[in-house]
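To start, the structure under review is shown below, and the notes come after it.
Letters A, B, C and D mark the chains as written, and numbering starts fresh at 1 in each.
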Amino acid sequence: MSSNAPRLKVAAENLPVENGKRPIRPVRVGNVEFGGNRPILIAGPCAVESREQTLEIAKHVRDAGGDMLRGGAFKPRTSPYSFQGLGERGLEILAEAREVTGLPVVTEVMDPRLVDLVGQYADMLQIGSRNMHNYPILIEAGKSGKPVLLKRGWSATLQEWLYAAEYVALQGNLDIVMCERGIRTFSRGEYNRNTIDLNVVPALRAQTFLPIIVDPSHATGDDELVPPIAKAALAVGADGLIIEVLDHHIDRARVKCDGAQSIRPPALEEIVREARWIETRRSETPASS
Amino acid sequence: MSSNAPRLKVAAENLPVENGKRPIRPVRVGNVEFGGNRPILIAGPCAVESREQTLEIAKHVRDAGGDMLRGGAFKPRTSPYSFQGLGERGLEILAEAREVTGLPVVTEVMDPRLVDLVGQYADMLQIGSRNMHNYPILIEAGKSGKPVLLKRGWSATLQEWLYAAEYVALQGNLDIVMCERGIRTFSRGEYNRNTIDLNVVPALRAQTFLPIIVDPSHATGDDELVPPIAKAALAVGADGLIIEVLDHHIDRARVKCDGAQSIRPPALEEIVREARWIETRRSETPASS
Amino acid sequence: MSSNAPRLKVAAENLPVENGKRPIRPVRVGNVEFGGNRPILIAGPCAVESREQTLEIAKHVRDAGGDMLRGGAFKPRTSPYSFQGLGERGLEILAEAREVTGLPVVTEVMDPRLVDLVGQYADMLQIGSRNMHNYPILIEAGKSGKPVLLKRGWSATLQEWLYAAEYVALQGNLDIVMCERGIRTFSRGEYNRNTIDLNVVPALRAQTFLPIIVDPSHATGDDELVPPIAKAALAVGADGLIIEVLDHHIDRARVKCDGAQSIRPPALEEIVREARWIETRRSETPASS
Amino acid sequence: MSSNAPRLKVAAENLPVENGKRPIRPVRVGNVEFGGNRPILIAGPCAVESREQTLEIAKHVRDAGGDMLRGGAFKPRTSPYSFQGLGERGLEILAEAREVTGLPVVTEVMDPRLVDLVGQYADMLQIGSRNMHNYPILIEAGKSGKPVLLKRGWSATLQEWLYAAEYVALQGNLDIVMCERGIRTFSRGEYNRNTIDLNVVPALRAQTFLPIIVDPSHATGDDELVPPIAKAALAVGADGLIIEVLDHHIDRARVKCDGAQSIRPPALEEIVREARWIETRRSETPASS
């Protein structure tokens, strides 16, 4: 922030440092709390494709020890010919999956006219990477009072990302979780879809009290890279992860969305174990950076 | 386009090549035609700040020989604390400026709920760089039947840009003008705000019949670079330019938006002279690339 | 340049502005002068592959109206399994081509131990993009007293590029021609190999009196894009071009280096006509930018 | 690697997978082994500035539990006016520091004519980021038979980096350690100097048996970011780290090189503790990714 920038509502200095603990303002979604010692694991399919697929994956997420469920009902797709999501039917399926598993649900909203509708079903509203600069939707999400998962635009600066959060916060809603999901660089398409930017996690931490999570699925675009990058994100200090999961018996090529970067349940279990270990370690040590 | 991509409505092969002329499907806005021999010059203030400022600049644009008027009534701003535009009052001022000068007006729409309103005043709807991936707004713009100026996202691939146009076209609206406005690269902030990507102009030309213009103001971010880049864009074959202009007597630092990259009327006149010369030359020579 | 940077030898302020003419210090190579009204056209094969190939292309360059001959004898190749050039035999062939055509020769040197050898044959030493940060070679090129063609590193800032020139200049050699050849961005591999950065031409012009040319072959990587980008480079104010050329009857796929981006003689002739027209226009008008 | 690329000497498939262990071919430097369970910590000053400074930091590195000593005697500097290193006197000081501490020494060589000289003092030759594409120096380093630390060019693709290693390997020298040190992206200069690319670590691991380490100092450019990124690099599976260190009582602003990104000894101790813990964990668990 330049020195003459207005004092942001989401800036760190508003919160007092206590006992050397880093000043994170926790965000609660149901019984889940972002910003405590426990890294929160959100997992689920890229898109809600059917009731069966979604319920099955939701149970895997619960059984693996995940904390929340993700899944797209309204999907922003580069091509108008790609699967666009099931819409409100997808929201109903997500609500049923929540009932079955007890896991709170986060799903994307991509139209300011649909914020109310999505908010009736979801526990947390996701603003996707393409919409980080979509100010009408940020304002509606702020007004909704629902917790917001704010993904970084794939070419957004840290300052632009903070200002996007400020649009939400100015509506009186500080329940914002920031999500790094990879940036677009020259290496796009060679061994990854995006470059995971872990530098931004401690850099953002120094600027705001908002919790920060990482999306290793979009940040790599390759299921083989997801587990090591998930571990790196936890080690760098992220407050959680959001991960795309694929069922055991589903052919990767037949999934309607992000098949190449979705992991199978055993890989999810491995990541959950790492997260639990990190939780123990964070609880034992007096927190520093 | 990968070979198994669906056949795009905006793809070049749908239009027959005649007499070696490149197959551009002209887009008309009032008496202005994009895609003919005449490069179209759109100019005006970044934002409509007041009636006086807008009318004065509009007359300069007309006197300099410009073809259309630009100006923002609804402004997408990175910071919620920046000037957000005059809203509908700004649209009224633009309509008055059109009446006074006879120049058609293009202005940005950034909310799908406002497409109808903006369409009542504007002759052409601008979809800004931040909203190239905003599919609800692309669809509403398509439905409106109004000509659309579709700016490239600052980190969008050519394919993503074409697909954005396809969202508009699928609503039955082919009156789309593509606008390159610079991409975000490592050189950001050193000597420019963005890197003008002129390679994309002939590359896009080979893929679609839509007219293509260039925005040298955002593509440089520096008024000293605007005239040479405007000339380069005309030389590379652009169908027009869109340029931000500042009045003679206004202090650059006091403008509410893009002061550093706006040019003064004499620089605009120099660019118009170049455009007219290019028009003569294109008319004389049998067109190739 | 930051304000407390040392005063560079290659900085613009060392040269007085006369009659509003931009302060370029011309660089002479034989009878060729970079930095006057005449844009200088350097053309030739990517690599010297054989005596026959080189002499034939050299004659085409001369017949088309080119000013200088290019061709690699020592080739920096990403893969050690690619053709590495003919070495000193390649230099002999270039010298013969100069004798036959009368065109001065520029060729790359990529090893500080070979600057003397290359300097015995070449009229101008090229420092390639990979070696812009290779300080020992910059220093040797400076000591050689030969004119130097200094390509920009594909991810170099303007400041880094100027400092590279300063390494040469500090040896007492100001006969440096700067060459923009495209930068590496996220668009790499989609419709181009690099992104041509034309913003840097006027930005660099404002900082130094050194002549600046553009390489549209490497800046695009596609022979279809070379002519429009060559025209854009001339329009933006470049002092010349360096272009890779392929003979009429040679199969593009069988060339040992850069086949996809080399143009045929008729395309070269079209570019030369444009350059001659620009020369006339520059001579008629009192120069500004 | 494209399918018709030649079979690289540094490719993974040459080494058999045993008991599910990942096929890393260890590289030994004195009593230090890269590629085993123990992450190797290389630390030291950016540049050798004086005998006192170097010996003092070297003792800190030893006392903190570091494995090797780094320090530049020949420094590649963007500006010719920056400190260029002490040259051979710097090598002598490094040799004395090795004698005092018992730590092997790695130092950069940036001129093919100096490979022999540097090799007489150093235990390992560093090829810096600027010289990854400097083929003469890669070939000389290969001929020297000394272990090589090959930094990735800041805009190099994975394939270009592998080919650079292949230049060394073709001389019969497979003792190469790869080092990721950050790439240049649009975020340069906002909160970091480079973007650490951790995706490349598992992606490279899948392609080669060479050990891979990470440089969190250059990959961030900010001493506050070094510890979290060091931990992330260890978590992602790196075989070691190379870190710039500054003495307790030295003013950061007065250091001749990289003052802003050098950490103090206590931060180094924290990183060593993390590395030792990772070592224990790797030893206990059957290795996977």
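Please note the rule applied: a residue touches a chain if its C-beta (ideal position, glycine included) is under 8 Å from a C-beta of that chain, and two chains touch if they have at least 3 such contacts.
Every value quoted in this text rests on a predicted model; they were computed, and no experiment measured them.
Chemist: Among all other chains, pick the one whose mean CA position is farthest from the mean CA position of subunit A.
Modeler: Result for the farthest chain: C.
Chemist: Given that subunit A and subunit B are copies and touch, would you call their interface same or different according to whether over half of its residue numbers are shared?
Modeler: The interface is built from the same residue numbers on each side, given that over half of them are used by both copies.
Chemist: Taking each chain's centre as its mean C-alpha position, how far apart are subunit A and subunit C in Å?
Modeler: Whole-Å distance between the two chain centres: 48.
Chemist: Could you give the separation in Å between the centres of subunit C and subunit D, each centre being the mean of its C-alpha atoms?
Modeler: Taking the mean C-alpha position of each chain, the two centres sit 35 Å apart.
Chemist: When the C-alpha atoms of subunit B and subunit C are each averaged to a single point, how far apart are the two points in Å?
Modeler: 33
Chemist: Got the subunit C residues that touch at least 2 other chains?
Modeler: Residues 155, 159, 184-186 of subunit C each touch two or more of the other chains.
Chemist: Applying the document's contact rule, which stretches of subunit A touch subunit B when the two form their complex?
Modeler: Within the complex, subunit A touches subunit B at residues 5-6, 76-81, 110-113, 130-131, 133-136, 154-155, 159-160, 163, 166-167, 170, 184.
Chemist: Quick check: in the complex, which residue numbers of subunit A touch subunit C?
Modeler: 184-186, 188-189
Chemist: Can you tell me which positions in subunit D touch subunit A when the two form their complex?
Modeler: Counting only subunit D, the residues touching subunit A are 155, 157-159, 183, 185-187, 190-192, 195-203, 206, 219-220, 222, 224-225, 227-229, 231-237, 289.
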